[in-house]
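A, B, C, D and E label the chains in the order they appear, each numbered from 1.
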Amino acid sequence: MSQSKGHYVLRFIGERALHAIVVVVLAATGAFFLMEAVPGDSAASAVGPGATAEQYQLAREELGLDDPVWTRFADWVGGLASGDLGNSLIPPNQAVGEMIGNALPVTMQLAFLSIILSLAIAVPVAVWSAYRRGGVFDQVASIVAFAFISVPSFVAGLLLIYLLVFNHSLAQQLILGAAVVIGLAVALSPLGRRGGRGSPGVMWGRALIGGVAVGAVLALVALFLPEFPRQGYVPLADGLGENLRSIALPAITLALMEVAIFTRVLRTDMISTLQQDFVLSARAKGMPTRHVLVSEALRPSTVSIITLAGISLGRLIGGTVVVERLFNLPGMGSMIVDAVQNDNLPVVLGGVIVIAVFYVLVNMTVDVTYALIDPRIRRG
Amino acid sequence: GGGDDSTAAAGGEGLAPDQSERCTEDRAGGTITVGEFSMLPSFAPGQGQYGVRGGAQSAAVYDRLMVWNPEAEEFEPKLAESLESNDDNTVWTLTLRDGVTFSNGDPLTAEDVAFTVGLHKDPATRSVAMTEAMEITEARVVDPLTVEFTLADPWAGFPITLAGTVGEVIPRDAYEAADPQEWASNPIGAGAFTVADFTPDQETVLEPNPDYYGGPVCPTLKFIRIPGSQGTYDAFQTGEVQVGFLRGAKFVNMAQDDEVRGFEEIISSGSVINMNSGKAGYDGVLTDVRARQAVAAALDRDLWNQRLYNGEGQATSALVADSSRLYDGQEGPAYDVEAARALVEEVKADTPDWDGTLRMLIGDGPENIEAGVVAKALLDAAGFTVVIDNAPVSQVTARQFTGDFEIVIGGLATSDADPAAAFASGMLPTGATNITGIDDPELTAAINDLKAAADLDAQKEALTRLQEVFNEVQPFTVMANAEQYVTVSDTVGGLTPTLSSTVLYDGAFVTE
Amino acid sequence: MSSNDRDDLLLEVRDLRTHIDTPSGRITPVDGVDISLRRGETIGIVGESGSGKSMLVRSIMGIAPTTARVDPASTVRFDGRDVLALSQREAQKFWGREIAMVFQDPLTSLNPIRTIGRQIIDPLRHHLGLGRREAADRAVELLERVRIPSPRARLTEYPHQLSGGMRQRVGIAIALSCSPKLLIADEPTTALDVTVQHEILDLLHGLQADGDMAMILVSHDLAVVSQHTDRIGVMYAGRFLEVGDTRALLDEPAHPYTGALLDSIPRPDLPPHTRLTVIEGRPPNLREMPPGCRFAPRCPRVADDCLVVDPPLEDLATASASHPTATTVHRVGCLHPTVPVHHRTSSEAS
Amino acid sequence: MADTDPTRPDSTRPDSTRPDPTRAASTPAASGPVAGPAVVADPTVAAATPARRRPRMPRLSGLGTALALAWTVLIVLGALFVDFLPLAEARDPSLALMTPSTLAPDLLSDHPLGTDGQGLDILGGLLYGARVSLVVGIGGVLVGALVGGALGLVAGYRGGWTDRIVSIITDTLLAFPSLILLIAIVTVLDPTLPNITLALGIMVVPAYARLVRANAMSFAGREFVTAARSLGAGELRIMLREVTPNIVQPVFSYSFMLVAVLIVAEASLSYLGLSIPRPEPTWGNMISAGQADFQRYPYLVGVPAVVLFLTVLSFNQLGEAAGRKWSPGAAKI
Amino acid sequence: MTGSSQHVADAPTPPDAGRPGDAKLVVDHVTVEYHTRKGTVHAVSDVSLEVPQGRTLALVGESGCGKSSLGRALLQLPRPTSGRVMVDETDLCSLSGASLTRARKLIQMVFQDPVSSLNPRRRVRDIVAEGLEIQGVDGGREEIRRRVDAALEAVGLDPDHAGGRRPSEFSGGQCQRIALARALVLEPEVLVCDEPVSALDVSVQAQILNLLEEMKERYRLTMVFISHDLSVVHNIADQVAVMYLGTVCEVADTSSLYRAPAHPYTMLLISSAPTLGGTLADTLGESPITATSSELPSPLDPPSGCRFRTRCPRATEICAAERPQLTVLAPGHQVACHHPLEENR
């Protein structure tokens, strides 16, 4: 029995791996032929504008642009098989591996940071929204989430730059204002509550404490709001503080939308989990609200959000071009887009492979996470 | 705009940084961060080009044989001791400064200079200065400190070659011994700085060269890429860069309105519309000179200026900016939409299979696109039907090589030091940047005359003649002078501007 | 009822009404229910699907869905305390310790991703403040009590690894963990096979016989409810139509609905292919409750007054002949019952 | 969010805690190109009802939906009838040669929302841009729904190898950085409206494939499919007549959100200069063109950005409302 | 018929009823296996049954014992792993493609979940007409409409009122009527009902049971009735087959089975089934039996020999070693047990 189970697990892993490999190979092959179809000219990019016709022709020959497609494809696959992603066609003809080595950490940090930030905000908000669905908090959260979802990242980024970079004190004042308003709203929230359980004294006391706490936290944020650079990336090697400062705005720009999406998804799942019999039975056991929300309901509700976080992560690794452009970050997105525009085939292909591999890895991690969350999957 | 200033490089409203002081021992240290539109692709020979494309980086590492002093309006020797020409400017004798060493300790010799010229002439080097270098038929080593250049044609402005990329001397022995890939990121030059860190297309960090002949050298230089003037100016204002490169009247004015110190440069014919007159087999309507004249007449430079630069740019159809020392009342074709319309009708009548369509190739980027839109508006108003064809820059470049376009917006990189070089490159049949395919004997003759013109008056006269011929032939049409501005933070001193908004940092220092 | 009975009274539900606001209007799935339950007593509640059984028991316990609101005029007194007035915190202390609940589907009522052990231990630690080890030991005892083989090994297993019957036993063990005074079992065997159902019903009965735990057994199946209950309430459209001692109610159903319900059950003592009695129509829409008797639209004995007068629950005139004990309870809400009613004085009617 | 369907007393589905990776995976996030937004259907369950404090939400969201509908209708009408309005100046700069550029908005003037740097009328630009956005959004969604729907239907219904092949196709599309695909497609076939639409349509194929697959899978296992089979219905007939009608509604309600996603994606592409080029106005290229003068003329960016925001918000809101109305009965998304 | 109970045992039964070898439906060594990731599920193992024309065979057993799998195998949904299913002289298992499609009208099915078995997006008339459309009808649309209306009327629905509506507008019982109409409109010879009343309330259950009886007579149906409820089975079946874990352990005429159950498992079921105030065993006056375990073994890995032995109080060694075959105890009564109950005999 256990042997057959081991067999089953192995088979499962094998199947996933095969699937992953096929996906990566297909993506790379697709990229090759797609780029083939793009009417760019790497020779022109290599020599740059202002070059002589002679230089241009020489570059074409050097790059083998006049060879048949299949020859070049075979060459590239050959190189790949020996672990060589090739060199950029554009001076200084860096090794593609090296270029990715430079760009990937930027993008990774950006992607992970924004996902973590989003989750850190989305999970508590969603849990509370679901628990108090239809309440003021839920409604406000829902409206804010909708607004965030509907702001394209390039607009959000511009806004953030305008506020936090160029109008720092205005931003501080806005946050302070928000601190006052939200704090008051929390403190006065019992006004809108009808027929709750418990004594009014306790209720008002809690609301007051909550309001002051929320206000204070926001006020502290406003007071200690750092100055953010307009652009650029400071590597981690130059100090964590500088590094975080340089990546904060892009990460927030990306996180805005993710937060909204995560909140909505988790809220929905959480709502349906909260209607499950086992949640009811936990309540009927007399377990406290925190236990019911966190220990019982949260974990089974996280499947969608984990899937989504995985997908977002995969997507962010390959697709933060807008934000990278806006904040001038030397990440994967800009690298690949530049390469596509310059018809810099090896870089495009290398980038596509890395992103595809990453996507596949994230997917596998997500699968493993399902199994960690849910024993039913673990046992096959 | 600084159109009225007599000295092009002096900057408007007295905002030019003080150049009288330079680095001294007690000013050592500090870092100057420089925002570049696009980075020096590599330190391989002949890659640095103007302020926009890494010229300052390669100049800082290699130094240059000559430099153009915009204030004095003359070429001055730098690595060289002197540069003399014969009477008809066909043979030039360069004497090197004695005792200059490269950063590896090797002395700078005439051999190295001759070798460098050879490198630039070799297409495999992919030097940006290949056309200029090709002008030198022979670089003869006379003695270890003397080189004799023989030119194909008389050229009074020849020093510009040695004041540019060709003047960045490559040490022969070291170069031949090195792996080219390695050299690209870790070169050896005679300049004030050595490369500490080079991340292609992102960041270049240069450190002072303690053995620099003109020392001491104070700061560490950090060049970072910030594409676009808006981003650069933003970064300059937040203090992320101390030196930034701005292009376009809008930003130049913005910086000057903000009283930001800096070096301004006005580039004659900096903004043009190229018309394909037969490049690589093109045989469309623009091979007909009347069509080209119609385009030239249809374009309202004032509107162009209004739309693209809020009216603050320097609209002109003349080849030479009126602020230039070479300006002598030259005038380009006038805006005359009626005439343009008439010409279009005429051409249409003669060319039955042409319906008025013009394909306009535009490189991606908001500024290019806006320019295209205005051009389209104006040309459409004159009876053309312009079809805009957007493409990534590499594709635009490639299609210019292959002649796959009808009109394309571009610009000449003329320099007040010697406009002949840029005109020759753009309009001689052999010119590197002759993307229109123009091959007109009269035009060629006029340009060669300009090259040969030995003094200012002769140059002005030749330019006037060139303008006349040009107005007939219209290989391209000038829309405006380009304006560039290198913003310099108050905390930085000792910078010297030179050709094409390139800044020399050997005397730079950081205050505070 | 004597005062002695009153002391003995564990649960007293008076005129319980639960409203739910839906976008298309308010519905009242529980509409005026009275229950008196003594310590150790078992009462069964039957009714068709949607008749409000679950809503009733959940309202009693105070865990009705968040949309549901118990009418302020209703009272639910448990062991002398007003359950409806409890604050969230007080209620949390109350649930599990005083009243516990067993749910219909043992698969969905256990958290699929937590081990059996943790789910049993939770209330032990939280309510009784037991330490980790003590709680585990106690959990093993509980599992033994519900007759789960090799109980200690089960602690680390997940619900999906158990069969349906085992899961329901675990559910019962959890409910029993703090020795509640009242166990509410909402269709505890509906999802189970007959053989397992039989065992579970026996188990519940046995457990109850051990102590003085009272029980409310809810089912849609009269046969199930009739097994070990003292009394049965027949629920229809949010209300009891008939309440009575089990035997009395089965033997002499007074309400036409109860009678029809009994007749519609196939009986093995009749020959095969016997045509069954059918109740035509369907239960009323909760949004358009008929003005008179709720069952009138389907009732074979319907008269004109049924369509106007909403009959109250009234005692039957005579105790059933077969059960002549004094304590026999049999009340019916019908204007024309099949057994005559005894109109009580108002003092008794409370 | 209060939506209770009293006819379904038992709304808790026994399998709703079972992790179904396809559930979230079919959110548009899967396909949000250009880091575009991903909006998620809210498969409100029947009893997903407001908390103890009165269901105030329905009225509020009802108002929101009404406003969203009004705005959408306005935009659609504008896009439909812009040709009949005297707004041709907005897309033909040669007609605007005499018009001053960067006129500030003045509701009573000829240019109620001002003119841009080219003297092009902003109101007209917004309406022509609306046409682009709507065509791209709706057209792309149609392409995605047809192609992805067909793939997902076959995969979900047949399972096995078909499913595996389809999942490889969708995974490959997802693993491929979407922007590269977009740029490549747009560069290979010029950035014209049909091509952009097609390219963005391909982007959403995986999202639809997953959504439809999940639904098809759940319906393929339903008893009525077996019943049809027992009547002798062929596979194609079952897919088209039995399964498809059940998938149409969730797909439809989901599509609103994808329209929003595609509108943003197109705007992002435009912003990067990769979509339909100026002078043909699109919201993205209007923002991009105005950005340089943002400090001086904030309305050049502000007006199209607000319109874009409102439109996207409206589609999301409509999608939410549609999902609430139609999705609960369908398979979980 | 409200309120009245009629005894219809003496209703005219078809003359050939019960004659062996004259069966309408023959199930011959049918095995159904499902190949899953975890292994092979032995849902039905080598089951042989016969149902004479016009009679009702009930399949009873606990959840997961393979009742539905067998029922579906009869309709080739999916085709059984091995064995034959004969309706009259037609072996359904040997047919495929168009001939199978045509043969499908011989045998039809009504499913357990009345709601899920009707496509929620289609109208009742279309649902009922589906089979006719697929099979093709002489006379075209008009004829289809006529027959659909007739079928709807037969099951007690008003075609004009119900025809244009969708299933969601009907109650569970009405949905089951629609499902029945869908099956009957093809005028099948055999009707398989897979727990058609399990999801219904008792009051509605009675309606459907009565209706089934009525339809059986009207259309001269041979019926296979799947249920886990012994009381229901007693009411409707002529013959009962008790299944346990994929095998048939006892087949008998209804009266014989209830009067004298021979298999311990049958007895266990009878001892467990609740009736008003007691169990079926109490009602029938039989001595109950208790299982030694309530755990049903996995059909992935069924016990050797007799599959019931793990729970059987009478199990001995031979039960593990040898698989008991169905043997005739009395006419019309077969049991597969090494130690059948004799007491009641």
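Following the convention adopted for this analysis, a residue touches a chain if its C-beta (ideal position, glycine included) is under 8 Å from a C-beta of that chain, and two chains touch if they have at least 3 such contacts.
Each chain and its UniProt protein: A, D = ABC transporter permease; C = ABC transporter ATP-binding protein; E = ATP-binding cassette domain-containing protein.
Everything quoted here is computed from the prediction, not taken from an experiment.
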{"item": "Farthest-lying chain, centroid of Cα atoms versus that of chain A", "value": "E"}
{"item": "Most distant chain from chain C by Cα centroid", "value": "B"}
{"item": "Pair of chains whose C-beta contact count is the highest in the structure", "value": "A-D"}
{"item": "Whole-Å gap between the CA centroids of chain A and chain E", "value": "54"}
{"item": "Chain A and chain C: spacing of chain centres that average the CA atoms, whole Å", "value": "50"}
{"item": "Averaged-CA centre spacing for the pair chain B and chain A, given as whole angstrom", "value": "42"}
{"item": "Between chain B and chain D, centroid-to-centroid distance (C-alpha), Å", "value": "47"}
{"item": "Interface hub residues of chain B, defined as touching at least two other chains", "value": "364, 392, 395"}
{"item": "Two or more partner chains touched - positions in chain C", "value": "49, 65-66, 69, 105, 108, 112-113"}
{"item": "In the complex, chain E residues that touch chain D", "value": "72, 75, 77, 100-102, 104-105, 108-109, 111-113, 116-122, 130-131, 134-135, 168, 179, 182, 186"}
{"item": "Partner chain C, residues of chain E touching it in the complex", "value": "1-9, 11, 62-63, 171, 173, 201-207, 209-210, 213, 228-232, 234-238, 254-255, 258, 268-269, 271-280, 283-284, 291, 294-296"}
{"item": "Residue ranges of chain D in contact with chain B within the complex", "value": "92-94, 96-97, 101-102, 117-119, 187, 190-191, 273-274, 277-279, 285, 288-289, 291-293"}
{"item": "Residues on chain C engaged by chain E in the complex (per definition of touch)", "value": "48-49, 163-166, 193-199, 201, 220-224, 226-227, 246-247, 250, 260-280, 282, 300"}
{"item": "Contacting residues of chain A [partner chain D, same complex]", "value": "19, 22-24, 26-27, 30-31, 34-35, 37-40, 131-136, 138-139, 142, 146-147, 149-155, 158, 162, 192-196, 254, 257, 260-261, 264-265, 268, 271-273, 275-278, 300, 303-308, 311-312, 314-316, 318-323, 325, 333, 336-337, 340-341, 348, 351-352, 355-356, 359-360, 363, 366-367, 370, 373-374, 376-377"}
